[in-house]
């Protein structure tokens, strides 16, 4: 695992009460949450996550914390940001936060993305909420002078998020949608093969779609391209203690269980198993 | 029980979601809650109560509803008011309500105060939160042309509530406090004996203090003066179903259990047992 | 269009929702149209006069409540004079819950209640407050078999046995009730619990221990309903923490033929009719024509999976 | 000034707060000063390699959680190579939780762990996931006596027996553990429960049933701690739904000599040290010099009251 070996030692985590700066709707499903947070939170690496104690409201009383990828961590401004989809009682609670409220959050947690010094150009392929997870990877690549092609997949143009975020970081951004059929795996495959041929694919990164994961696994195996995937699983502790967040992985021909919160959430792409 | 026999048939109760009009601090311990509420709520009789579904907040998740006496019910304005002391998690939750929020409340419930047609002058003696319960009794007496002497007992002048409310209703109001020692039972006894002698005590009413209850019971028995007391007990259902709110009463020489929510909360004073 | 009718332990009910014993009385008439309920279930009555337990009788806990009401009872004459005529005013089947300190006492009481207006007997052989330190008939299969048999001999009325969750052998006890001749088992009564006031160092209940009910116990009782459904062929009536239509569906999927609602009514007096309305809407949305089809319809519950627990 | 030290089942602890098995691992080091804990308790280990149960392995419930983690185990060599050296870095006593499918297996495993750095053995004779359909040694007094006796013969280490709440006879089982030679009983493991997804009609846990933990079960387990405290003279370690200093005090008043904290750490990683700080502050406020004095200090718990349940 050369890629993971290059990862920095994960910063120690802390459980802090972070003041909310903003919590606004991005579209009809997603909100963007900005929090004030000093170190170690604002030092979170790309792909690391936080475990959020979502506020209980009248009808919604989430019991567990909720894991959420760092969408942006800014050590200078002392801020941490999340981009989240309002789905169930936890995220509904999160959506009620107003500037000035405080959110208890534990992190940064887990093993994030890492860039091998030998890679010059990488391909980032994401869909839906996976884009939130991949955005800080593009920022890290930009900082390290690595070229990024970002393929952003969504239902329709209205549902693509973070295009501007990826653009700002200097990524070459390609938007594919279900509306015009450009997001179909065969069409994305053509795009990826073009990038491989153009020498722009030293490594693959993905998050958020099983079909896109399988596509990258197949092309990666075919062309010997390494890669990483960020995975999700329901969590209780977020700290590697409860073993509830395990998923099956392929390791040396065997199927092994690994903890998404502790061994991941970012894993070598070839080890991941579809869902 | 001639007094109780004269009580009107209790209005049917309803469980309604009442908009909050105001919820302001009266002093450092008490808040005054005003709600918009049509019939049957605004027809609540003096001494009847509502069962409030206090909102859950982060740390405070009250399981049961909380019983609260009607402080004022105004059929013309379509309003119901409560005066409550912020004590535990239920009333702390109540204290967070803002105008425009809605409160689920069940009522009016229970057997309230009643006035015998033969009574011309009554004495109302209350302490602490008991004054909230007695206020609508003074209003009812005023409407029926019955003279009221209200003795309001409190720790200090700053803690006497509802003086103006009693005054407005035309009650002769006497304030006694711990600060100047005027609230001592022996001094209140002197006051009561004076009222009896002056023919101003056809019936006794009390709420909120065990010592004052016992004083009125003793003087009532001595002078053959009937009376009523409003009692409290922890409640679950508020509708007479669970039998958790029972208290012991004296009835025909025997000790019997009665439900505060259903048989009361107002009881003939001679039946009540101290606590 | 949805057929909400169910047939439970010798009774045809218009819908599967009824009150849990001890959480229902005439006061609810003020807020709920009682004729909408699937059945009425009375507070447990006894032959003896009983005063019930000392106060405080209830305490709040996380997601639930403890009660040590006990079984205050005015005896059979008061029941015949007041309670029975009151409930007879409706067409809804009346289930009378009974208890007694001995199997013989149970049988005699059941026999005395074979009266017009009584649709079924629910034998509360489980109340954790009656026997000292929480023991009850339904903690032991042999005692269960004995008391149910005697009850069966004493009455022609449909006979439901209400079990206690305070046992490690709920399936065996349900089988004993079935063998004894019960027409249905009600699963379950409250879970024995306790709370201490850390300010006064005193128990929060006058009786020290009491029964836990409400949402907190739902996963436990749901599991027992499922175990009983697999163990017996008589219907299982689920009871424990049901507060929403989804809770009722969950119980039916796990094996319940009908449900009883207790604590939820204290927090939301219209809980039972809200659940009936919600069940109707839920079935409509899911295209389910007969609610009875939900009973035991949980999928993926093969023994392979259960055995998988050991691997 | 407050003396928080307690002596529990052959071990002297700096304070009465320790983690519950299976809810504690090295990850917590990032957030908590582990040297402050009264003891460390490992996840249960077995001799066999075990994969644990299928996912989903957890579900939220009202005031609690269900888990069907099972006991994934890498066996004894991995424990000796990685786990033991890791925990040996601290001076805090290390309690090793063990399980086995047979009494003999338990004894052999305990014997293999009589090593420097191991301060005590906690025999998890209660895990509801291991035996099919929730059965476990600790559901039966005879099986408990047998396994504890064999363990006692196999090790000189302090021996704690962790009981299951899935029984109607907790006091008898605690007595069996005492008779078998246990130095303490841990009361208790999770309560067997279940949940069904009403959208998919499937169980919420891959393993169908699982263990309920968290505040929801506190009244139940607290009652059992109290029953055990009255039944045995060895110390009782309370475990179930403890999340605040007041919860810990409540357990001690009911009879616990120490407490274990599980689920609360998932929601609040600093829960254990927060509880230790809170206990210190609480004792100070109440003028209590030695926390050990709280054990069984509940008042008003005479047998008259308990017997009063029947009246």
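Here the chain labels run A, B, C and D in written order, and each chain numbers its own residues starting at 1.
Criterion: a contact is a pair of C-beta atoms (placed from the backbone, for glycine too) under 8 Å apart; a residue touches a chain by one contact, two chains touch by 3 or more.
What you see is a predicted model, and the numbers here were worked out from it, not measured in a lab.
Engineer: Using the contact definition stated above, find the chains touching both subunit A and subunit D.
Structural biologist: none
Engineer: Which two chains have the greatest number of C-beta pairs in contact?
Structural biologist: Greatest count of contact pairs is found between chains C-D.
Engineer: Please report how many Å separate the Cα centroid of subunit A from that of subunit C, as a whole number.
Structural biologist: Computed value for the inter-centroid distance: 48 Å.
Engineer: CA centre of subunit C versus CA centre of subunit D: separation in Å?
Structural biologist: Those two chain centres are 32 Å apart.
Engineer: Where the centres are mean C-alpha positions, what is the separation of subunit B from subunit C, in Å?
Structural biologist: 37
Engineer: Pull out every residue in subunit D that's touching 2 or more other chains.
Structural biologist: In subunit D, 51, 61-64, 214 touch at least two other chains.
Engineer: Going by the touch rule set out above, which residues of subunit B reach two or more other chains?
Structural biologist: Correct list: 61.
Engineer: Among line, ring, star, complete and other, which one matches the pattern of chain touches?
Structural biologist: If you draw each chain as a dot and join those that touch, you get a single closed ring.
Engineer: Run through the chains and report each pair that touches.
Structural biologist: A-B, A-D, B-C, C-D
Engineer: Using the touch rule from the top, collect the residues of subunit D that touch subunit A in their complex.
Structural biologist: Touching subunit A: residues 22-28, 30-31, 43, 51-52, 55-58, 60-65, 67, 69, 72, 214, 263, 265-270 of subunit D.
Engineer: Show me the residue ranges of subunit D that touch subunit C in the complex, using the header's touch definition.
Structural biologist: Answer in residue numbers: 50-51, 53-54, 61-64, 66, 68, 70, 101, 129-133, 139, 164, 166-169, 191-196, 198, 200-203, 206-209, 212, 214-220, 222-223, 226-227, 241, 246, 249-250, 253-254, 282, 297-301, 305-311.
Engineer: Okay, in this complex, where on subunit B does subunit A touch?
Structural biologist: Against subunit A, the touching part of subunit B is residues 55-56, 58, 61.
Engineer: In their complex, what parts of subunit B are in touch with subunit C?
Structural biologist: Touching subunit C: residues 12-15, 53, 61-65, 106, 233-234, 236-244, 246-247, 257, 262 of subunit B.
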